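Take a look at the structures listed below.
Common to both upcoming complexes is chain A, partnered first by chain B, then by chain C.
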Partner chain A sequence: MSDGIVFEDVSKFYGEILGVNRVNLSIPPGITSLVGPNGSGKTTLMNLMTGLVKPTRGRVQVLGYRTDDPEHLFKILGYSTQFDAFPKGLTGFQFIYSYLRLAGRDSHSSEQLAWRVIERVNLVEAAKRNIAGYSKGMRQRIRLAQALAHDPKVLVLDEPLNGLDPLARSEMIALFRATAAQGCYVIISSHILHEVDVISDQVILLSNGYVVAEGPISTVRGEIQEHPTQILIRCTRPRELAARMLEDELTVEVSIHKDERGLLLKTRDADRLYLALNQLALQGIDIESIAPADDDVLSLYEYLIGNEEAVR
Partner chain B sequence: MAVYRRNYKPYSGALTPAWSRWLVLFRYSRRNLFRSKFLTGLFVVCFFYPLACLLMIYLAHSATFLQEMGVPMGVLSIDNKFFFHFMSVQGVLAFLLTAFAGPGLISPDLANGALPLYFCRPFSRAEYVLGKSSVLAILLSQITWVPGLILFAMQASLAGASWTSTNLWIAGSLILSSLIWIAILSLLAMALSAWVKWRIVAGALLLGVMFFGAGFAQAINAVMRADWGHFFNVAYLMGTVWNALFQVDSEHAIPVAQAWVALLVYCAICLALLMRKVRAYEVIR
Partner chain C sequence: MTRIWWAQIKAVVRLEMRKTFFAKRGLWIYVVAALPVLLFVAYALANSRFHHRIAEIAQQGEKRLAYQDLLAVKTGMTREELFAILGKPPESFRWTEHRTSEGTTEGKSETKATSDVLHEDYHYADGVNELFVGLADNKVQSINIREGSNPGQDSIMFAGVFQFFFLRLAIFFGCLGIFMNLFRGEILDRSLHFYFLAPIRREVLMAGKFLAGLLATCTIFVTSELLQTIAFVWHFPPSLRGVYLYHNHFLENAAIYLGVTVLACVGYGAFFLVAGMMFRNPILPAAAILIWEAINPFLPGLLKQCSVIYYLKALCPVNIPSPSDTPPVLALLISNSDPVSAPVAVLGILIVAMIALYASSVQVRRMEINYTSE
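Up next, the complex of A and B:
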């Protein structure tokens, strides 16, 4: 069984409509977030890796399994769709239990696994109630539970944090982290960028069906040369530091923080700036902290997709 | 990148055989169906006529009863026509049962967008259709060929070996005529259920296909002064096939072989419609 989720020159067209085009990806273990505006191809990419749609061109493999081999694929893969979709008339427990039976588990094992996962998503008290009476957050959690129930190695979650309150969101994020920490693959699509930022080991940015960028956030940020890196420096004498930094030709812009205890600096070469700051610190300027200010998904989204969206 | 301990251990136990998974769907769908008191009542009503037939068979062989009633032996004859009438009555009941039970099989899953949930398991579209259609197939079998064969067995036991050997073909006709009717009804009901998301409308459409189809066929025949309009009348096609199977004398406008082909074409169209609609994702253009 080879590692990774691999897309080789994959395109998907729905008639004349482009789903995704010429996607080449190799997704490693950990939490990977798919980020992009509506219609950018996130769900298509997820449906391709779960075999629910067939690629028009190219090949998708999940841990060495072909996606048109559901018997093997769905032993190691769990999928939670973004739609609030449930067969009619089932209780939360029946929902999980029946899908475990459908996945080939026997009655006893299905019952055990169902209760275990219901406990994991904190729905024990509501498990015997009809799903139709669940709140949005509970429905989201039971949907996650059906994806997690059979202990998949690859977890594909389309908009899993939608509709959850902050407490439930943090619980779910902890769950994703725990799953990833076991060496599993957690693929998430989300519009909540600051959460994507917190939880993701790597991101895949999509726009109009194309992969715009992929990899760890800091690596992707480092490759965007046309946007100078923004760095927030907290110090006691920001004006003096600003003057010194402006002497460097790679410094593009400096602005003093509102509280007069720091400055925001834009530079074309962050590494050189960090070296320069070391020198200044040695010369007696009291620097409390240095942190990148645009090394996050929100900034990446803005730089790589934001302009494109604006043009459209 | 985080440091991963990679302590994930996949499930290594045995799985249930792949061929048996559609039974899960069958079980749940059947349980859902019988939540309706009306359907349960209708299902019970479907056994009244077979019970009456059972009584008739018994009485036909009861010399004392016939003497008391002054009925000569042999008047109540249990032959191919008897079983043809049995099938005709049960066929109508099977249609009514399908009109009520069939549309609710797939439409709720489609209306709720639940199909991706089914198909992100080791479970195929064909198995989904098999699981859902088996509910109707088993339900309709219970009121058509199963009681038909019980009646045949009862008659055979009372009439003796000579009657049985002469009329054994009737048992085959019972099974074949029921199976083709069940196939047509199940596929038609499910195809309509898949294309019309509203259960009531799908039920009405099934009635429409039968009754308006018959009317349309008559209109075509009258206007065109032809017989091929009968191809739009599923009940007529079925009647033609049943008449031939039970060797009941009847004039039919279209040959039996063509009626068979037409029914099989209807089945194929319904299957194609089903496979077109039963997909994990529907792309709306």
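Up next, the complex of A and C:
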């Protein structure tokens, strides 16, 4: 059994419409976010890795399992889809319980697991109510519960934070982090870039069915040559520091921060800049902090895809 | 592994049964299944009233009559001879006919003669059958025996309703409504992914859904068939009921009808399961299968064997005779010109169903969740 989630030259066409094209990916453990505008192929990629759609070309494997083998695949994978429909007439508890029975579990363990996961998503009070009467956030949570119910090694979540209130969002993010911390694979698609930024270990940027970039955010950012890296330097004498930095030929642009307690600097070589700043610090310039200012998903999104549809 | 599959099949059946039995869009299936029951209940009520009346007439008669007594009456008998056999009638009706006869004498003059003819209608009964005797001028002119029961004729009527309504329409459309919706209904509801996200082989899921559909259709239609049988015999007086049940293969035939009902659900269910996966619009495959089944008698031998009705007809215990004046095309539909033996027929249906289920298993493995294209 090989590790990771592997896409080998995968394409998916819906008739003549492109879903994704020539995708080659190897997703490691941790939280991986799929980012891209509507129609970029995020859901198609998730449906491909869960076998809900079949690739027109290429091969997908999840921890060594073929995606056309649901009997084994879904023992290690849980998928919370965007489809907002449920089998009719079921309560939240019955929904999870039935799912576990479908997996071949006995009544007792299904009941225990169902209550455990319902507690995990904080839906105990509503568990005996019909899902048809649930709010959007509750439906989102019961779908998450279904994906989590059997403790999968791979968790695929399509827009999992949609419809959740801020408290529930932070609870869910904590849940994803805890799952990833156990060595699991958590694949999330989201429009909400600042949340993706906070929780992701790596990102996959998609545009028009193509993978534009993939990897840890800082690595991806480092590979974008045409946009100089922005760095925020906090210091007591920003004007003096700005003058010194402009002497460096790799410095593209310097601007003083509004509060006069720092400066924003654009450079073509961040590593050399950090060395130069070390020198300046040794020469007596008081530098409080140095932090990348565009080392986030939003910036990557703007640089690689454009700022349409990005949600901060 | 097999144990897990069985557990999974049971889980699918549990989920599907709830949907199949209580779906609002499936209510019409209950109506279709209830129609022949209502027909036989109406028949039973009418027959029951008839038997009640016959019994009353028999009681009012001067003599206790037997069927042989009714048969002994011949035309030309006098009233006295009739009374000697049957006694005075419990019900009678008299009327006088004024006859005018015109005649010519020597080709010239016309004479008009009038005479009164007394007509008498007598009504007898032996408790089961009734006899209408018409007398004119004191002589028996017409005899009409109406038999209270005719097991042979009744079983043909039952067979006709079974073959031409219950089998070809009620079970056919009932299976269409239930089996086609097993997958298609969930695609329309956008809830099929619930099953596809579970660690269950698609073929096991299909088998579970098929069994659920089969349980539902068998429950509905076997219950309907049982109720039809009960409605058909319950109204007879105990003596006649005994004749029906024990001396006319009725129980045996009833068991065969139940078996044919189950086999029809298996055969049509398998056909409609695969059709529901392959076609978005159920009307087209339903019409195609209906036409295919209807033109079965006209097909060449090999093609005949690829239909369900071919085997079901062969299993039906009562052949429906076609009257001599039946148009040849209709006679061909009624008759079973190329019957096969019962074991071959059962095996044939099972093989046809297995082929359809195999096609379903191939189709279910290929299915994708793409609701937007539906």
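We adopt the following convention: the second predicted complex is superposed on the first by the 306 of 312 C-alpha atoms of A that agree within 3 Å, B and C clash if a C-alpha of one lies under 4 Å from a C-alpha of the other, contacts with A are read in each partner's own complex, and residues count from 1 in each chain.
FYI, a residue touches a chain if its C-beta (ideal position, glycine included) is under 8 Å from a C-beta of that chain, and two chains touch if they have at least 3 such contacts.
On a predicted model such as this, the values are computed, not experimentally measured, just so you know.
Colleague: State whether chain B and chain C clash or fit side by side on chain A once the two structures are superposed.
Modeller: clash
Colleague: Return first, second, both or neither, reflecting whether A:Asp68 touches chain B, chain C, both chains, or no partner chain.
Modeller: The second partner, chain C, only.
Colleague: Could you look at A:Phe83 and tell me whether it touches chain B, chain C, both or neither (first, second, both, neither)?
Modeller: In the superposition, A:Phe83 touches chain B and chain C alike.
Colleague: Should A:Tyr14 be classified as contacting the first partner (chain B), the second (chain C), both, or neither?
Modeller: both
Colleague: Looking at the overlay, does A:Lys54 come into contact with chain B only (first), chain C only (second), both, or neither?
Modeller: In the superposed model, A:Lys54 contacts chain C only, not chain B.
Colleague: Please indicate which partner A:Leu282 is in contact with in the superposed arrangement: first for chain B, second for chain C, both, or neither.
Modeller: Neither partner.
Colleague: Is A:Ala180 touching the first partner chain B, the second partner chain C, both, or neither of them?
Modeller: first
Colleague: Identify which of chain B and chain C touches the larger number of residues of chain A.
Modeller: Per-residue touch count on chain A favours B.
Colleague: What is the contact status of A:Asp151 with respect to chain B (first) and chain C (second): first, second, both, or neither?
Modeller: first
Colleague: Tell me which partner A:Pro29 touches in the superposition: chain B (first), chain C (second), both or neither.
Modeller: It touches chain B, and chain C stays clear.
Colleague: Counting contacts the way the document defines them, which residues of chain A are shared by the two interfaces, the one with chain B and the one with chain C?
Modeller: Residues 14, 47, 50, 52-53, 70-75, 78-79, 81, 83-89, 98-99, 101-106, 146, 150 of chain A touch both chain B and chain C.
Colleague: Can you tell me which positions in chain B touch chain A when the two form their complex?
Modeller: 1-2, 4-8, 10-11, 13-16, 18, 21, 24-25, 28, 32, 35, 108-109, 112-114, 116-124, 280-281, 283, 285
Colleague: Give every residue of chain C touching chain A within the complex, in rising order.
Modeller: Residues 4-5, 7-8, 11-12, 14-15, 18-19, 22, 186, 189-191, 193-202, 204, 365-366, 368-371, 373.
Colleague: State the interface residues of chain A toward chain C in the complex, per the touch definition above.
Modeller: 14, 47, 50-54, 68, 70-75, 78-79, 81, 83-89, 98-99, 101-106, 146, 150
Colleague: Flag every residue of chain A that touches chain B in the complex, lowest number first.
Modeller: 14-15, 17, 28-30, 47, 50, 52-53, 70-79, 81, 83-90, 94, 98-99, 101-106, 109, 146, 150-151, 153, 180-184, 201-202, 216
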